[in-house]
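So the structure is just underneath, and the comments pick up after that.
Just so it is clear, A, B, C and D label the chains in written order, and each chain counts residues from 1 on its own.
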Amino acid sequence: MVREGYIFGCMIVNNTRFRVRYAETDQMGYVYYGNYAAFFEVGRVELLRDLGTSYKSLEDEGVMLPVRDFTTRYFRPAKYDQEIFLETRLEEMPGSRITFHYTLKSAEDEVLTTAVITLVFVDMKTQRPMKIPESLAKLMQPHFG
Amino acid sequence: MVREGYIFGCMIVNNTRFRVRYAETDQMGYVYYGNYAAFFEVGRVELLRDLGTSYKSLEDEGVMLPVRDFTTRYFRPAKYDQEIFLETRLEEMPGSRITFHYTLKSAEDEVLTTAVITLVFVDMKTQRPMKIPESLAKLMQPHFG
Amino acid sequence: MVREGYIFGCMIVNNTRFRVRYAETDQMGYVYYGNYAAFFEVGRVELLRDLGTSYKSLEDEGVMLPVRDFTTRYFRPAKYDQEIFLETRLEEMPGSRITFHYTLKSAEDEVLTTAVITLVFVDMKTQRPMKIPESLAKLMQPHFG
Amino acid sequence: MVREGYIFGCMIVNNTRFRVRYAETDQMGYVYYGNYAAFFEVGRVELLRDLGTSYKSLEDEGVMLPVRDFTTRYFRPAKYDQEIFLETRLEEMPGSRITFHYTLKSAEDEVLTTAVITLVFVDMKTQRPMKIPESLAKLMQPHFG
């Protein structure tokens, strides 16, 4: 995790590496287009872990984070046994929603895939949307100063 | 579902048909060996539905059925867009465990895969093994005379 | 498949039904957000089959259709054992790209998910983009009159 | 990889660690029973990599390794976000088949799952079984003295 000091704002960044599994490929020899979702999930989970919390602890506290919007563009295919590098970015302080931006690259720094995913904080008990939990907000606020 | 009148015993049989999805193939052009598990799951769920109950209603009553043993043998690959035919057999009255036998065939009646899967009845509250619920036993007993 | 006679244009529509598998759920009790991709794949494959061709035969003729863009919005979760109804629409005559529009509904006609997916025709030999194959264009053209 | 000097024979061992992804869980809150197959796949692929080769290079040389037999027993469930430790063992020199033995453990050294998987060497061109490729045999032989 790096706190990037951009002039017009800050962000929280996680970098995670994967090696493509056979299970993730399809008959075309590429990663099946639906299987990138699991990479993106790992990226945001690891970003939360970098912050000193975890998605699991959110659930343990009664907060769910179902996905609301998922947009992805495929530039080049990821292939079996390839090492791929995922950058996950939180570009603004979340309120009742949290949006992650993704860039997936090859070892040669070619962009394979980009994505934007928005999740909603949901109270497990009421099954209603809620604001970002205080404890999580406190961990993120310093990065968006 | 057919109640087969074998001389040395009875069984409960379900037949379910699938068409192989691209998502289920791998780079070899075959169904990925781990993806057959989902076909077998559907087979036993449909067998229960034939009996007039459902796996979902079991869970709603607080009973889980985690898998204990899974053995499968692959004879011929199932391929993309192929229609495949799954026979699921309950060959004996379950007690605290329930065992399903499977034969997966092509449209040409070639055996693709066989499997045996044993699941355990677990009480969700106590997280301990339990005997088959009475309501389910009553639905099965007539078939095992 | 129905050829709808809208005033401002035509479309090709396929309707496909699924029952949610346990394999497709996650710990939240919902269909995992990446697993909808397989439903959408089946929708477009069945639309092509309605037209009298198949995705498989395209591949056999040396044409691949990798996904270029995938956008989806989740309104309500699909749950285990639920019957869900997918409408797949081809709203305009494809050129070098083909775009499918999706609406996934519950039995109660509630919208669960919408999606738009664009795929690119690729020549397997050259690995380069190509125009829609003549044979496929001929099957689609009458619907876009 | 360690060459273990057992009195009655040798073996080749790989140890690989995973963190359970949300995508791998099901509604029960456990890893879906079919998803362990992907862990086992990674285990044998990493064992080959330890030896100085790779499953990918086998395929590039025209050798496929489809699974023939897959047996697994589930003792305890693996759960979301859990770190799990997979030991993959090659316990005898392969001939025309290759058998991997697996033990999956928790961080507390509890056995979660065991498995045995046998794969067959297949010549991609002829689609017929074949003996283990010479190049691979040479890398393994020293370990089985």
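In this text, contacts are C-beta pairs under 8 Å (C-beta built on N, C-alpha and C of every residue); 3 or more make two chains touch, one makes a residue touch a chain.
If you're wondering where the values come from, they're calculated on a predicted model, not measured in any experiment.
Distance between Cα centroids is largest for the pairing of chain C with D. At the interface between chain C and chain D, two copies of one sequence, more than half of the residue numbers in use are shared by both copies. With centres defined as mean CA coordinates, chain D is found 36 Å away from chain C. Our note on geometry: chain B versus chain D, Cα centroid distance of 26 Å, whole angstroms.
Taken residue by residue, chain D touches two or more other chains at 22-23, 27, 32, 34, 37-38, 41, 80, whereas all remaining positions touch fewer. Chain D makes touch with chain B in their complex at residues 27-28, 30, 32-38, 41, 59, 64, 66-74, 77. Taken together, the chain B residues at the contact with chain C in this complex read 21-24, 37-38, 41-42, 45, 54-56, 80-81. Remark: chain B residues 22-23, 25-27, 29, 32, 34, 80 touch chain A in the complex.
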